[in-house]
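Only one structure is covered here, and it is reproduced in the block below.
Each chain gets a letter, A, B, C and D, in the order it is written, and its residues are counted from 1.
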Amino acid sequence: MQHIKVLPNYLAKRLERWRKTTFEDNREWYSHLAEHGQHPRAMFISCCDSRVDPVGMFEGEPGDFFLVRNVANLVPPYSPDRELHGTSAAIEYAVTVLGVSHIVILGHSGCGGVAACYEKCEGAGSKLDEDSSFISRWMDILTPGYERIKDIPGDRAERLQSLEHESIKVSLENLLTFPFVRDAVDNGRLAMHGAWTDIGSGELHAYDGSLDQFRPI
Amino acid sequence: MQHIKVLPNYLAKRLERWRKTTFEDNREWYSHLAEHGQHPRAMFISCCDSRVDPVGMFEGEPGDFFLVRNVANLVPPYSPDRELHGTSAAIEYAVTVLGVSHIVILGHSGCGGVAACYEKCEGAGSKLDEDSSFISRWMDILTPGYERIKDIPGDRAERLQSLEHESIKVSLENLLTFPFVRDAVDNGRLAMHGAWTDIGSGELHAYDGSLDQFRPI
Amino acid sequence: MQHIKVLPNYLAKRLERWRKTTFEDNREWYSHLAEHGQHPRAMFISCCDSRVDPVGMFEGEPGDFFLVRNVANLVPPYSPDRELHGTSAAIEYAVTVLGVSHIVILGHSGCGGVAACYEKCEGAGSKLDEDSSFISRWMDILTPGYERIKDIPGDRAERLQSLEHESIKVSLENLLTFPFVRDAVDNGRLAMHGAWTDIGSGELHAYDGSLDQFRPI
Amino acid sequence: MQHIKVLPNYLAKRLERWRKTTFEDNREWYSHLAEHGQHPRAMFISCCDSRVDPVGMFEGEPGDFFLVRNVANLVPPYSPDRELHGTSAAIEYAVTVLGVSHIVILGHSGCGGVAACYEKCEGAGSKLDEDSSFISRWMDILTPGYERIKDIPGDRAERLQSLEHESIKVSLENLLTFPFVRDAVDNGRLAMHGAWTDIGSGELHAYDGSLDQFRPI
């Protein structure tokens, strides 16, 4: 494939340093992980956003977190229609093969995907709002969340944050539509969690299901 | 939602430590990123596997890498069928909104998704090979890669590594089926790269498109 | 303008090589930067000296460092007198338009500007010490630093190094006299740093504000 | 100074790598430069913009280029008024102390300072256009250049490029108002040059004084 270029030099140099430091420090553990496979305790589902790194934030050591990153940390509803469902495949693998104990949905402030959904639902229009847009379709998952916040007063920033919270709640709700997830939760093998992080301040709001609200921790 | 528990304590404690160290060290930069948005130079598409962390390996600073993580680092073919396509949505956002300069497909040794595809194609059978399996369907993306390696001699480990390499090549090929990716590559705005890492040894094999082969760097 | 000659050949040849190598390797990123503008994380203020290159020393990739280079890495005090202030203009642009997260004052050993200030303050006299000298006036910015070191014992080399350290401290002090700098620091949007490099040994001394001293890193 | 933080970690790590690679490769030459001082062949006056690095573009080895970087690569007119003139001080040092053979004014596409001047002259207004703005005052140096291009037809992009070219020509004209520069040029000890680089394409336009025009090289 003539179009494919060798890894750019700035990345190759960084990798070289990683090998001499982090990898060397963890050599025996990487060797173990290669031989014995992964046994992660938690699965995270977070956003692709370059400013949010769950591994860094929660000090993930190699082998700790099975990690999905997609636009706006969304879980689609269970849909066994034989179509391609990348996030659902990851959830299936984490729950039925790896048997993770936790699934954490991690949302964040300033989410571009959530903003695109907001603009579309408000009828503001954008180039992402075309029929051919994958983002527009993907963000439709969040439409039920918009319905819940649309009549709440507030300025744009407040309403966007509410919708970001909804991106977490909708995902948690959709998670429970997967029979194998429901079963694992009901049998005490799996706990589900939601959290939202503010990029600028580093604050984390954890979702409390019993109160149905987000609270700083 | 009664089923949702507050974030477990072991994660909350780690987060608290992150806030006092890494976040504090980068406070001003996080503040900038919150206000000015993200402008990442590269997009990575890598696996959910808990043992492979692109941000760590390539020393990603906050804001550096727009990151998709799905099972087996796969890109499906361009399919504007109005279905949900999470990975395609992320690619669209990265290329058309953020204008990233690089897309790196990062594969790895011991990939469970690739192994599941291998077993299925070899007719070995597994519980993932059922009609209702999301993983089974998702890994069908890699079938064209299996066709290319199926007649190559070698033991199981060698053949699995070849198929892991194919997971990268198939994704690169599929990337080029997206019109906006093709356009950006043809206009010198986007470069595509592939690499495979060995978990146990820390080695990286970079794909060289002009030679159509992987070579250690 | 008859006096202006076309770029000399030795520079044109080097540029040609840069275009075929470094530029080509980073073509997509330069294209991004041209279209999306600059979003540098840090501003450096360093000396014009040909032996000190902050971009090289700190491996600055294109777009990383907004960079002022003037004689002796000096920041003048805030002076809104409607006169021409080139360095103040650059600081204003970096802080109020670009929103950089870091300003690093980088001094160095063997600084000719610092030496000229030292000779003048010691009454040694030099041709730079004339009324008409721009350097003499410019280096007056450092006079408060000389006052602090003048009674410290030591040989000329030691005292010059102390004055070089002062060139960094005076600049940091002056930086804080700019209202928009002070405001950004107080609001956690901007961090200020000082460092001094030894040309011959490659050592770097970082300024630690809490201890008010330079320490090798 | 409590406000000053130690050098951020991401820069310290990069410096460490520089020391082990580039510095080590040039150790003897750095040692020489520390002992014998600098004897640069050329002075560059270029912009602070993070996307333009004269040392990289013209493959400057340690000791090659005495380098001023200020907003919009401007040289103010000779003004022996005993005020602070940082750029004039650097020119004085380069020409009268170091005796450089070349001064190159290097401009570039997408210059924020030039754009600010353009908006102001066109009466478009901006927050940089206030009395208290250092940038506004500094960019007044370019006003004579605007006068020359203001009646030339063209769209905004074409007119901005013309004004970027003028930033180089005005600086060259102002350089010749310095008696010691004029003297060095007249006596064949100093040659002056102008060039403009396009960030996105890597092209360089060299100024040809005999034709009074910029031409790609």
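In this section, a contact is a pair of C-beta atoms (placed from the backbone, for glycine too) under 8 Å apart; a residue touches a chain by one contact, two chains touch by 3 or more.
Nothing here was measured: the structure is a model prediction, and the numbers come from that model.
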item	value
Partner chains shared by chain A and chain B (touch criterion as defined above)	C, D
Rotation in the CA alignment of chain C with chain D, degrees, nearest 5	180
Computed distance of Cα centres, chain D from chain C, in Å	14
Chain A and chain C, separation of their C-alpha mean positions in angstrom	42
Gap in Å, rounded to a whole number, between the CA centres of chain C and chain B	41
Residues of chain A whose C-beta touches two or more other chains	8, 13, 17
Category of the chain touch graph - line, ring, star, complete, other	complete
Touching residues (chain side chain B, partner chain D) in the complex	25-26, 59, 61
Residue ranges of chain A in contact with chain B within the complex	1-8, 11-12, 14-15, 17-19, 22-23, 27, 30-31, 33-35, 37-38, 40, 42-43, 48-51, 53, 55-60, 62-71, 74, 76, 80, 82-94, 96-97, 102, 104, 109-110, 112-113, 127-128, 131-135, 137-141, 169, 172-173, 176, 185, 191-195, 198-202, 204, 206-210, 212, 217
Chain A residues within the chain C interface of the complex	8-10, 13
Chain A partner contacts - residues on chain D that touch it in the complex	13, 17
Interfacial residue positions of chain B with respect to chain C in the complex	27-29, 31-32, 35-36, 39, 41, 61, 99-102, 187-191
